[in-house]
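Chain IDs A, B, C, D, E and F follow the sequence of writing; residue 1 opens each chain.
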Amino acid sequence: MSEIAGRMSIQAGAHSLEKAQGGRGTLLSGAPGVPPANVLVLGGGVVGKNAAKIAIGMGANVTIMDKSVAVLRALEDQFGSKLTTLYSNRSCLISQISISDLIIGAVLVPGAAAPKLVTRDDLSLLRSGAVIVDVAIDQGGCFETSAPTTHEHPTFIMDDIVHYCVANMPGAVARTSTLALTNATMPYVINLANKGIKRALTEDPGFLNGLSIAKGNLCSAEVAASQNRSFVSPKKVLATI
Amino acid sequence: MSEIAGRMSIQAGAHSLEKAQGGRGTLLSGAPGVPPANVLVLGGGVVGKNAAKIAIGMGANVTIMDKSVAVLRALEDQFGSKLTTLYSNRSCLISQISISDLIIGAVLVPGAAAPKLVTRDDLSLLRSGAVIVDVAIDQGGCFETSAPTTHEHPTFIMDDIVHYCVANMPGAVARTSTLALTNATMPYVINLANKGIKRALTEDPGFLNGLSIAKGNLCSAEVAASQNRSFVSPKKVLATI
Amino acid sequence: MSEIAGRMSIQAGAHSLEKAQGGRGTLLSGAPGVPPANVLVLGGGVVGKNAAKIAIGMGANVTIMDKSVAVLRALEDQFGSKLTTLYSNRSCLISQISISDLIIGAVLVPGAAAPKLVTRDDLSLLRSGAVIVDVAIDQGGCFETSAPTTHEHPTFIMDDIVHYCVANMPGAVARTSTLALTNATMPYVINLANKGIKRALTEDPGFLNGLSIAKGNLCSAEVAASQNRSFVSPKKVLATI
Amino acid sequence: MSEIAGRMSIQAGAHSLEKAQGGRGTLLSGAPGVPPANVLVLGGGVVGKNAAKIAIGMGANVTIMDKSVAVLRALEDQFGSKLTTLYSNRSCLISQISISDLIIGAVLVPGAAAPKLVTRDDLSLLRSGAVIVDVAIDQGGCFETSAPTTHEHPTFIMDDIVHYCVANMPGAVARTSTLALTNATMPYVINLANKGIKRALTEDPGFLNGLSIAKGNLCSAEVAASQNRSFVSPKKVLATI
Amino acid sequence: MSEIAGRMSIQAGAHSLEKAQGGRGTLLSGAPGVPPANVLVLGGGVVGKNAAKIAIGMGANVTIMDKSVAVLRALEDQFGSKLTTLYSNRSCLISQISISDLIIGAVLVPGAAAPKLVTRDDLSLLRSGAVIVDVAIDQGGCFETSAPTTHEHPTFIMDDIVHYCVANMPGAVARTSTLALTNATMPYVINLANKGIKRALTEDPGFLNGLSIAKGNLCSAEVAASQNRSFVSPKKVLATI
Amino acid sequence: MSEIAGRMSIQAGAHSLEKAQGGRGTLLSGAPGVPPANVLVLGGGVVGKNAAKIAIGMGANVTIMDKSVAVLRALEDQFGSKLTTLYSNRSCLISQISISDLIIGAVLVPGAAAPKLVTRDDLSLLRSGAVIVDVAIDQGGCFETSAPTTHEHPTFIMDDIVHYCVANMPGAVARTSTLALTNATMPYVINLANKGIKRALTEDPGFLNGLSIAKGNLCSAEVAASQNRSFVSPKKVLATI
C-alpha cells in the first residue's frame, strides 16, 4: 500500500497545484523555456521512492531528503542525475521548502507518530499557493498543520498553502489497491486452505502474529490496550485450537 | 499551448480515474504485480506527443494512433519500446478502445472541426468507469458525446464513461501557461518597441496577419464573418498607418 | 549458465517466430504503426530476468509473471515502465497466454521437477503459430507438451504451436559459455593450485560439497542414488586424503 | 521494408553466430565478465539505424560507419554513448572488420548497384566463424562473396565466414511486413476509392509515377528498358484515361 | 570543431572548479546527500548542446538558456527531464547566474561579435569561486571581463571568479580534433584528386568560396580587407586557371 | 570519500589526456565519426563504479575488470550495454591496457597494500601519451611506477605515460568533500551531544572502535604499533570514563 500511496501523492499534488484547487497554477513539467515545478520529497523510504519515481516521470525537478546516506546512495544509483539527494537537517530543510512548489511528507517511523518536520511558522516561508501532501497523515502527519481529510473534500487551505491530507489514499484507486492487497495476502490464504488453521499458524510465526481474534479472545496487544480490554497472546490461543 | 494541454490531459485523466470522480479506480502505473492502466492517445501531433510523454513517465502502458507512418516513426525513434505506435483505422480503433482505461482525444485538424472518431454507440464497448479526455473540445471535440465543461465542474458521466472536456485546459496552470505565452509573444513585443508599429508589421508578414483591429477597422476575416461586420485587409490598413 | 540460457531463449524464440520455422511470422519489435510481439516470461528468476532484458532490447511488449511480489518489485525497479509485472495465478496465466506470440518457460524450482504450468489443453488457447521456448526442459519442462530437442533439430510443432526445447541451450554459444564457465570455476582452480587438494577442500565447505569421486569412492549422493551405487560422504573421504 | 530488413538482420546474424549454424558460438550480449560480440554496421541509413537499434538492445558492442558526418551526428544524438560512430574509409574499415563478430552490409545506393566494400581477400582478415549479413543483396550485395540465398537455406560458408544473404528478408516475418506494407499503401487505396483513378493520379504526381501498366501500355521506364519493350510515360497514358 | 569545443568546455570547467585552480572546490556530480553543481549554459546551439550533454553525463544540475523556443523544445525532446530549459531574458539571466557554480558562454552570432551578456558589475552577483568558460572568446567573448588565454595558462581570476578563455580550445585534444577535421575535409580532397582543381571548384560553389590564394591573387575578401591588400574574387581567378 | 575519489579520477584523467599536460590529446567522448577514448577501470568496488559512471556519462568507451563475477553482474544490471565487464586475469589485462587511453587503478584491498597489477615493463605496451590515474596511491598504488603527487604538481611522465597519483584526491573538491564527510559523521556528533561520551560509546561498538585517545591513553592499536607506544584498548578506557 505504501507504493500506491507514494505514487498517488504526486498525482494528488499535481491536481492540487491547479488554480481551481487553490494551487499556484504550476504544471509539474513546465514547458520548453518555462522551468518545471520544484518537488521536495521528505523521506526516502518506499513512499518517498515511489513519489520521486512518478514526479521525475512527470518532468518535475525533484529533490529527496533523508537522514540515511545509504538510502540516498541507493536512490542515486537508481535514478542517476534525474534526482537530487540531500542529507536531511533543519537548515537544509528550511532552504528547500522555501523554493518548493510541492512538498510530499513521506517520513514514517514504524510504530510511532511521524515527526513534525514542518511547523506552522515554517509555512510562512513557502511560496504562496504551494501544495503539501502529507502521506504520513495516518500516523499523525509530518506537517504540524496537517489534519485528516477525505476523498470527497481532499484539501483545505491554511496560510495560503494547500493541504492534501487524505487518510487512506490508496482507496482512490480501489481497483489497483485491491489487486495489490490480494497479491500480498494470497500466499496466506492458500496456506490456510491447504494446511488448516492450526498448522498454517504454527509453521509461520509471522502469520501467527497477525492473529486478531480467536475463540472469543482478543490477540492483538495494541487493540487490547487502546480499547482497555484483556489480551491473550496468539501463542496461548493457538495451543487451544 | 498545445504542449501544456497535452501534458495536462494525462494529469486530468489520472485524477478522473479515481473512484471519487466516478472513474474505474485504476492507478496509471499499477503496482508490482498489478498491471498498469492502458492509455490510448488518438493523434500523434504536439498534443498527443506530450500526452504520451507524461503517461509513459507515470508508468502507464501507452499506445498512440495516427494516420501518418512518418509521424509514428518519429515517435518510435524518440520513445523506443516504451510506446506502442499503431496506424489508425476504424477496426484498430475499435479493438483498442475496448481495452483502454484512459483515452486522450488529440486529433486536431487545423482550421476545421475535429473528426468525431468515437461515436456514442462506441461507448458501450468501453470498460465501465473508463475516462475520456477530449483535448480537441475547442474545435468541437473528437468524441461524439463530448460537451464543453469548466475547471469548476470538469467532468460529467455518460453511459458509465467519465468525460473530461474542459475548454481552455491550460488555464488550470495559469502560471506556467502565462510564462509560455510570454516567451512566444516576446519577440513581437520587442520588435514593436524597437521598430514602431509600421515597420514591425511591414517587415514581418506573419505579424501583420495577426492584426485584429486598427484605426477602427476590423482586420480579421474570421471574426468579421462570424459577427457579420465589414472587413478590411491588414495590408490595406497598414498603408494608412 | 542461467544468464546465457535466458538471453539465448529470446534469440531462439525470435528465430522460431519466422515463417520458415513454422512461426507466426511476427517481428519482435513490430514496425512504426505495426504493434510489437507480445512476449510472456513465466518466472522472474535469473533466466526470466535475462530473457526480459533481451526481449525489451529487441523492442517487444514484455510481461513477466512470478509468485513473489518482492521479485516483481525488484524487476520493476530495474526495468521501469518497459516491463509489465504480473502476480502469477491460473486465471491471469490463461488470459496472458491467449494473447502472446512468444512464451518463455523459466520457472525452475531448485532440486525439483519444474511445475507444468501450461497443459496440452491450454495450447488451444494460444494464437496459431505462437512459439514456446522451454528453458526448464532440463528439469522436465514447464509445458506439458515439451520434449527435449537438439541444436540440429531445435523445434517441433504440436497443435500449431512451435516448441523450442533444446536441452543445454548455452551449448549453441560455446565460446561465450566456455568463458563464463571458466570465470566461475577459476577461483577454485587457483585455490587447488596454491593450496593442494586437502587444504583447498578443507577450507571451503562449498568446494568440498562439489567433490564427485575421490580415491575410488563416489561422493555425490544424487548420482549414487540414481545409479544405485554406494555413497561415501565427501567429509569422510577428505579425512583419508 | 528497410526498417524491417534492418531489424531482421541482427536476429539473423545472432542466429547464424550459433555453433550449429557454423558461427563462432558467440552470444551478442556476452555475459557478466565475458565481453559482448562486436557488431559492425556498414551504412547509417534506415537499414543501418534499425540494425544498430536492435544490436544495442541485445547488448552487443556496436560500431556504425558512414561517409556522412551529418548522418553520424544524428545517430550519436539518438543513441548516445551506446553506439560508436566512425567516418568510413578503407583503412578504418580494414581495422574494424578484423575485430568484428558480425558485420551487417547496409550500404544501399538508390537506383544503383551496392558498392563492394569487402572483397574476397579481405575475408582472410576476419575472425574464423564470423558472420556476414548482406542486406544489400537485392542490389547485388556489398560483399564481393555474397550470393542470394533463401529462407529455406539462408546461409553458406566461404573461407570460414558464414554468409547470410537472403533476398527479401522481410518475407520471414510476413505478418509484420504485410501490416507495414498495408499501412504504407492504404492512403493511396483510399484516394483511389474516393476519387477514381483519373483524379487520384492527377492530383498526386508521386502516385502517378508509380503507375506500371495502363490500357495495355507499359509505363515503367526501368521495366521497359530491362525487358526491351516500348515505354509510354504515365503522364501520356493518364491523358487517355 | 564547435562540438569538440562544447564538450571540452565542461571538462575545462570541472577542472577549474578544483580548489587548486582557485575554484569553489565543487564536484559537478556532488555525492549522495550533497547537491550537484549548478551548471548554466548560455546558448542552445551546437556548442551549448554538446556542453549540456557532457555536464548531464557528469551528474551536474544543468540549465540552458536560449532566445528560441524552437531550440529549447528540441533540447527538451532530446534530454527530457535531465535538462531545464529557460527562455533567455535579462531578469532570468540575473537570477540564474547568482546560483551557478559554472557558467558556459556559448552564444555565437555567425559573422558578428558575440553579445556581452554578463557585465563586470554582474560578476559581483556570482558565488565566490564560481567558474566562467567563454567558448565565444574567438569572437570577442560573451562575458565583458573575458580575455584570451592559452593552454599553458588557461585561467585568470578577476573579482573572485575563475575565467577560462582559451582561444582554440579544440587544440587541447589535437588527436580527436585532427580526425574530426580530416573527416570534414576529406570529401573536398577526394574531389580535388579525382577532378582536378578547375572542375572541382567549378562544380561546387561552396568549395570555390573557400579559395584563399591562387596564382598570386588574394581571394578572401575578409583577409584582404584586414591586411589592406587588393582582392580578386574567386570566380574571376577560377576563369584564369 | 571513495565515491568522490572515483568520480574525480575521470575528471583528472580527462584533463591529463590534454596535449598541454603531456597526454595523447584525446577527447573522452570523441566526436561524430571519431571514436571515443577507451577507458579501463581496474576494480569494480565503490571507486571503480563511480569512475565508470562518470566516464560513461562523458561518452567514453568503458571497460571494467574485477575478480568477482557477482560484482560484474551487479554492474551490468546497473549500466547495461553502456559498460563492458571483464573477468580479471593477467592475459586479459595485458590485451586491455594495450588499447586503452586512460586507465584507472581502483583496486583497494581493505587493510592491505594494493596489489601491483601493472609493472614498469608493462608500460611499454601502452599507447604513447596514455594516462594512468592511481586512486589506490594512499595504499601504495596498483601501478609499479606510481609515486604520490600533489594537487600543485599532480602528474609526472615516465616512459611516455602520464601518471596522476595525487594522494587525497577529494581535497581538490573541498566543498563537496566536507559536506559528504559532515553527513557521514553527523549521526555520531548528535549521539555525543544527546547521550554524553560514556553512553554514546557504550551503546555503539562501532563508535567505540573509533576512539583514538582518551584520558591520556592511546586507544588505536595501529597507531600505537607504528609509533612504538603503549596501547590501551578502547573498552578498558571506557570503563574509566
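The definition used in the following text is that contacts are C-beta pairs under 8 Å (C-beta built on N, C-alpha and C of every residue); 3 or more make two chains touch, one makes a residue touch a chain.
Predicted model only: the values in this text are computed from it and were never measured.
Distance between Cα centroids is largest for the pairing of subunit A with D. Annotation: the B-D interface is duplicated by B-E among the options B-E, D-F or A-E, judged by over half of the residue-numbered contact pairs being identical.
Taking B-C and E-F together, the chain pair joined by more C-beta contacts is E-F. Each chain gets a centre from the mean of its Cα atoms; for subunit C and subunit D, those two points are 33 Å apart. Inter-chain centre distance (subunit A to subunit C, centres taken as mean C-alpha positions): 38 Å.
Shown for subunit D are the residues that touch two or more other chains, namely 3, 29-30, 32-34, 56-57, 59, 69, 73, 81, 87, 179, 183.
Looking at which chains touch one another, you get A-B, A-C, A-E, A-F, B-C, B-D, B-E, C-D, C-F, D-E, D-F, E-F. Residues of subunit E that touch subunit D in their complex: 3, 57, 78, 179, 183-184, 186-187.
Within the complex formed with subunit A, the residues of subunit B that make contact are 3-4, 7-8, 11, 14-15, 17-20, 24-34, 53-54, 56-59, 151-152, 171-177, 179-180, 183. Interface residues of subunit A facing subunit E in the complex, by the touch rule stated above, are 29-30, 32-36, 56, 59-61, 69, 72-73, 75-76, 80-82, 84-87. Residues of subunit D touching subunit E in their complex: 67, 69, 73, 77, 81, 87, 89.
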